[in-house]
Amino acid sequence: MFRHTKLLQFEAKPERPDPVYARKLQELIGGAYGEMTVTMQYLFQGWNCRMEGKYKDLIMDTATEEIGHVEMLATMVARLLEGAPSTVTAEAVKDPVMAAVIGGMDPQQAIVAGGGAMPQNSQGVPWIGSYIVASGNLLADFRANAAAEAQGRLQTARLYNMTDDPGVKEMLRFNLARDTVHQKQWLAAIEDLKADGLESSLAPTALFDEENQDHNNTVWHLSDGPDGSKGGWSFGAEGLEYLMKPEPLGGPGTAPKPDPALYGTYAPPPVGGATALRE
Amino acid sequence: MFRHTKLLQFEAKPERPDPVYARKLQELIGGAYGEMTVTMQYLFQGWNCRMEGKYKDLIMDTATEEIGHVEMLATMVARLLEGAPSTVTAEAVKDPVMAAVIGGMDPQQAIVAGGGAMPQNSQGVPWIGSYIVASGNLLADFRANAAAEAQGRLQTARLYNMTDDPGVKEMLRFNLARDTVHQKQWLAAIEDLKADGLESSLAPTALFDEENQDHNNTVWHLSDGPDGSKGGWSFGAEGLEYLMKPEPLGGPGTAPKPDPALYGTYAPPPVGGATALRE
Amino acid sequence: MFRHTKLLQFEAKPERPDPVYARKLQELIGGAYGEMTVTMQYLFQGWNCRMEGKYKDLIMDTATEEIGHVEMLATMVARLLEGAPSTVTAEAVKDPVMAAVIGGMDPQQAIVAGGGAMPQNSQGVPWIGSYIVASGNLLADFRANAAAEAQGRLQTARLYNMTDDPGVKEMLRFNLARDTVHQKQWLAAIEDLKADGLESSLAPTALFDEENQDHNNTVWHLSDGPDGSKGGWSFGAEGLEYLMKPEPLGGPGTAPKPDPALYGTYAPPPVGGATALRE
Amino acid sequence: MFRHTKLLQFEAKPERPDPVYARKLQELIGGAYGEMTVTMQYLFQGWNCRMEGKYKDLIMDTATEEIGHVEMLATMVARLLEGAPSTVTAEAVKDPVMAAVIGGMDPQQAIVAGGGAMPQNSQGVPWIGSYIVASGNLLADFRANAAAEAQGRLQTARLYNMTDDPGVKEMLRFNLARDTVHQKQWLAAIEDLKADGLESSLAPTALFDEENQDHNNTVWHLSDGPDGSKGGWSFGAEGLEYLMKPEPLGGPGTAPKPDPALYGTYAPPPVGGATALRE
Amino acid sequence: MFRHTKLLQFEAKPERPDPVYARKLQELIGGAYGEMTVTMQYLFQGWNCRMEGKYKDLIMDTATEEIGHVEMLATMVARLLEGAPSTVTAEAVKDPVMAAVIGGMDPQQAIVAGGGAMPQNSQGVPWIGSYIVASGNLLADFRANAAAEAQGRLQTARLYNMTDDPGVKEMLRFNLARDTVHQKQWLAAIEDLKADGLESSLAPTALFDEENQDHNNTVWHLSDGPDGSKGGWSFGAEGLEYLMKPEPLGGPGTAPKPDPALYGTYAPPPVGGATALRE
Amino acid sequence: MFRHTKLLQFEAKPERPDPVYARKLQELIGGAYGEMTVTMQYLFQGWNCRMEGKYKDLIMDTATEEIGHVEMLATMVARLLEGAPSTVTAEAVKDPVMAAVIGGMDPQQAIVAGGGAMPQNSQGVPWIGSYIVASGNLLADFRANAAAEAQGRLQTARLYNMTDDPGVKEMLRFNLARDTVHQKQWLAAIEDLKADGLESSLAPTALFDEENQDHNNTVWHLSDGPDGSKGGWSFGAEGLEYLMKPEPLGGPGTAPKPDPALYGTYAPPPVGGATALRE
């Protein structure tokens, strides 16, 4: 069960409205690597965690924090939209600056949300549940979490350069810091998984003996040029080697004769095996 | 530019049809962590790579291999569907085994694809471009790649246990091996990025001095119970510490007064600042 | 900012696993009227509320409760999936009961979530941000909320009849009760909006004088049969009347001549205005 | 079965093109509360109505009218796009006004539709079937309908303020009026449902005795601040009361031990019940 | 504007319920090539048609018919669901036949629609606006229409073989016939476009002189094996020839140096142009 | 299996960046008729082709070429974005030209992709698997292919007029040419299917005798005005005739009495069959 305080985790007010930037901030709210994603990803991972204790608690700590990040960003968006042009566009576009602002705004923030944030990315695409993963395997999930925080920090950093409003930048400096913490913590938690003997460095820690041993160490050279062979992966890192001239191992890929009731186009191959249709 | 050989990268034929399993294999084709995802993720990363050389070549090598994995799986699905029931369901459900098969099948594999694979997951949800990321920052992307291969190998391992068909298992042993290789190579490539001085261990390698230094090392305790403090992240791993009693740093989150032209519900706050509506 | 306790708002354990039912419960988690929807709808409405005080607080009270409902349901799903068949399907389908179970399961709960809940509906369609609305107009939004709780309670009631597991039924009896409370409270809050003079009975409380006065009271008879005229709406309820023989008020709908650079198919109309192409 | 007349239900021609506004109007065509939504929602409700007579006929009357509203709006969009810039953008952006127009346009209206409307919202997101509901329970559905018309009228009112073109405003005055009628009629129809003894004021009119009687009247205080207790819902409206200090009723939410074949991360809890991993 | 009669265009009642088949019929309602698609595709094409007369009228004739097809199918689905199991699944799955039925049903037809059709395909994926096209170019659109009717008839034919209910088959015989008519009419209309001198055989009838004349007649051999050269397209059909040994015409695809503010991974190429990172 | 060369199939460099145009080009990459669509459509058709030989080889030849077209366009987008404004928007919008550019840009190309292409259309909607079809029936599929190439060429032609950059135009002249080739080849392949006796002119070539013979030749007049009768389809083309006064063939569409456990609103019809609710 959850409880809410009205106080924001961190707060900074913009000096002036900036509706174009309000649209861009939607990426951090409802984009594939925005705060809705990490909120839901961590909540489902926590609920789906199979082992009580430090891992589950860390996940739920972080999940709970992330709900508050959506709150911070949604509040900032509403403030950035204060005084945004909501009136006659035909008139407005005669003033170039106003016009440019209108061109760059998210029209739904006005028409649908009445001047507030939407659960969508900077292009207006709604947030979708398939952005998240909660597999029950903590190594696989923590790696996904570290990746999500990396992409999230990267997008925050890009957005940091797109404003010079001191209030917005102050908030983003907090967000950058939290993305740093969360990257670190998932990397640290992966180390704990190994130290605790729960997982190895590859996920899942299973079926290594059953997998095809002839093909679990070779990087295949399938795009021309020599440089693919110049990385650590060609010189034994992780036990890998570079296969310079790989060849297909299988025969032709063929789909079976169709079921007549499904009306796939088909003619029996001619005697001798060659195709002979109107040659 | 690409070229295609009809020969499959690896091939194994199923001993018998299994349309229920053919539906499940869709997860590896068009699921969030299926082969369409890694194909497109690596292609876009390669095309968007900002630096010629070993990294770009490795990405393109792998991208090109993955197209062939979609091919292998699509071919396997068609073979598993050979002889799948395509006729009268009302009759079929009188035979319990046949009925169960029909219940577990993907109806679109018959109705739409005529007995073949679809670009969708095991629940029939179409593959979507937002599954992938290609940010131009190689550390962020390689971490996402290692995560994707981990989730992919995990799903493959789960599916491996859901069949006892020797042909299917043989193919999956190859897929497991390739997912192992690809996890290893992205981890190795991350080490190369560091060794080459291109990125650090956190993405992006930027703005560390500008981010809020008071909050870039503390894990906040926001979910009850003491166990969150028992991991390495509480004992200095990655320089982190656990903040046992965190408090909100901001004031109340408030949205500004609405623009009248947007008809948000609003009454001015009463004199004295307290809300006084019909109390 | 939010805080989390590990204790569930309400808890009841299933007597036995039921993976087919676990799939159905997904509708209450990630369906259009599931708990993810009311969680996010109320959160965004609260953050977007333009007036501090009782309305905003009620919204946030309820939003915070709903996060805990997703938690209750996700936990229930994991428990219902305990011992669900995760192994060889070809073998399993020889046992009709087992086979039926497999046919009715959500394959992603096993393959993707490792035996847990997914952020999606009972057909596997991911939850999507466009399920929610937060317009800033409280009358419009509370009406949407009352509607959502009505659909939610209806679906819960249907699901209540689809199980006889005492534990599941006990949980659903709680959910039914909460859906009752929430329907009541949004209806009560609409009365408060009127009593407080903030909104009328139609949303938005604006432009009534500007709207077309000839057409704001007539129900148009556009589907044959006489019964449309037999409801209260034909006898003055809400000031309405039934227009038995409505006629179009406009001329033909025509799109303008295309821009040549857009290559719309076009020929100038013949002299005299009639179409004369190869008649 | 349906029939079509070329005459529009209502028609008003714009005085001048306005491609930026043409994009915004897409919200009323293909947004979550646009005309496609009410068209399809009412059609499916009518087809799914379980009782011949006045309710079904009212639904079908309205559904049929709404198809004509999509037509009116699509025609208006085509007219607003007449003469929209379809040529060289690099040149155009040198003229600030033209540039602003281009920035604010929906590029697909030109590239895909050749200067016409698209089945999508103002951000280009395609209309989707999950916007609609047709549950068979008329109380639940009429409440959803009243909510949809409220959101629709709200968005129309916002758009009304964003143009000063007399023709567009004239059309929108008609749309506002129809949204008023439809709100009224669904509210009137809800009263009829009660008067006819078919439904009560809560949906569904069932399981009230079975639902948990301890928890079907209390609003839980889960977000801080005292104002949540100041509304009618705290003073007996709808029989409700406000629970100022609610506590969780359940124990810890725990997911069961994972199936080994699914590779969830797991270690057995240590003797004594405490977690002991590397503490 | 539209009008509706309660009478179905064609009607046939099923002899018995068949909920598994009711799910499959969803493909014809809300699938990519179902009746919702052709309804909306033709409506938008008609509203977007740039030329009054026979083409526009044919489009609107057909669009109006298709709405009635959705109606026929939705009615059939409701009838096929009569008496479908809506109760205790755990009990039901003990009866293999009942269990199989439950496994094969669309759970949302019961839980969401109360025993009726949904605006979605046979896998539960909601209908989406991007299934349709209305480009304003009649040749391009009529070809898309002929293709849609072909896929639609194919799916109808496959479904025809999946039932032996005389009532269902009678309805499908009508649907097959209408799909035949509509294929024919769009092919006939394409011939009219040519005879009227409005379009040629390729869309759009423009820029043929500007397109690259060296590459507008050659089929490139990019997949191994000799058979690609054995079709009419290699022997002058449509003026085509088969290019047996095509070579890339461009240089390496390279993305430019990244903007530093976007943090793409980058190192300047070493002097001499070769990549020299840790070689 | 596939192989990749770094050389582009065709290459032309833009003379100058044009980020507004870079957004528009997304339509050709990830739109419904963009290169990702034809790539995946042809790949799945090839893998699902039931007959070895010239048809399958042609499909795979073309599929392989199309992957390279995505590559060409993604490379072009990265080049057009070189130097695109990635900095302070509030400042930038003071310069009208810069502001206009920002308004017309795809913000995700900067924030998510770091200055590169995304797998989405010009409005930011992600590419989706349901854009493609691979039915196994070659007539149905080749017709869909010819339609896709027609829409693709049309969009390319529209985009050709929206730039005057010689490099971009040179590339598009190649794309136009390839779209011409591919239209021609699918039309030629349809002729081969007929010449080879594999399919007729309507898909599928089946059930013509079983379909309802009374209704497989009549175009129904359901939209007013006389012009629908003036096309070839009214004068015997394809054996069709125009039915000027069609009437419904069925009775009223009615849904059955609801299952009480599903709570559909219902009252038994009164004795005598008339509805008598509060009349």
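Each chain carries a letter (A, B, C, D, E and F) given by its place in the written order, and its residues are counted from 1.
Keep this in mind: a contact is a pair of C-beta atoms (placed from the backbone, for glycine too) under 8 Å apart; a residue touches a chain by one contact, two chains touch by 3 or more.
For clarity, every value in this text was computed on a predicted model and none was experimentally measured.
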Recurring contact interface, reference A-C, options D-E, C-F or E-F [over half identical by residue number]: D-E
Which of A-B and A-E has more C-beta pairs touching across its chains: A-B
C-alpha-based rotation, chain A on chain F, 0 to 180 degrees, nearest 5: 120
Centre-to-centre distance between chain F and chain B (centres being mean Cα positions), rounded to whole Å: 26
Separation of chain C from chain D, taking each centre as the mean of its C-alpha atoms, in whole Å: 8
Residues of chain C touching at least two other chains: 1-9, 32, 47-48, 50, 52-55, 60, 63-65, 71, 74-75, 78, 86-87, 96, 99-100, 102-104, 110, 112, 114-116, 120, 123-126, 128, 130, 133, 135-137, 139, 154, 157-158, 161, 192, 195, 204, 206, 222-223, 225, 227, 230, 232, 248, 252-258, 261-264, 275, 277-278
Topology of the chain contact graph, where touching chains are joined (line, ring, star, complete, other): complete
Contact footprint of chain F on chain B as seen in their complex: 1-9, 30, 36, 40, 43-44, 47-48, 50, 60, 63-65, 67-68, 70-71, 74-75, 78, 112-120, 126-130, 132-137
Residues of chain B touching chain D in the complex: 154, 157-158, 161, 227, 230, 232, 261-263, 275, 277-279
Chain F residues touching chain A - in the complex, by the definition given at the top: 1-6, 47-55, 86-91, 93-94, 96, 99-100, 102-104, 106-108, 110-112, 114, 120, 123-126, 135-139, 192-193, 195-199, 204-206
Complex contacts: residues of chain D adjacent to chain A: 16, 18, 20-21, 23-24, 27, 31-32, 96-97, 99-104, 121-125, 154-155, 158-159, 161-165, 222-225, 248, 252-258, 262-267, 269, 275, 277-278
Parts of chain C lying in touch with chain D, wherever the complex brings them together: 5-12, 32-33, 46, 52-58, 60-65, 71-72, 74-75, 78-79, 82-84, 86-87, 110, 114-116, 125, 128, 130-131, 133, 135, 137, 139-140, 143-144, 146-147, 150-151, 153-154, 157, 160, 173-174, 176-178, 180-181, 183-185, 187-189, 191-192, 195, 201-204, 206-208, 210-223, 225-233, 237-240, 248-259, 261-264
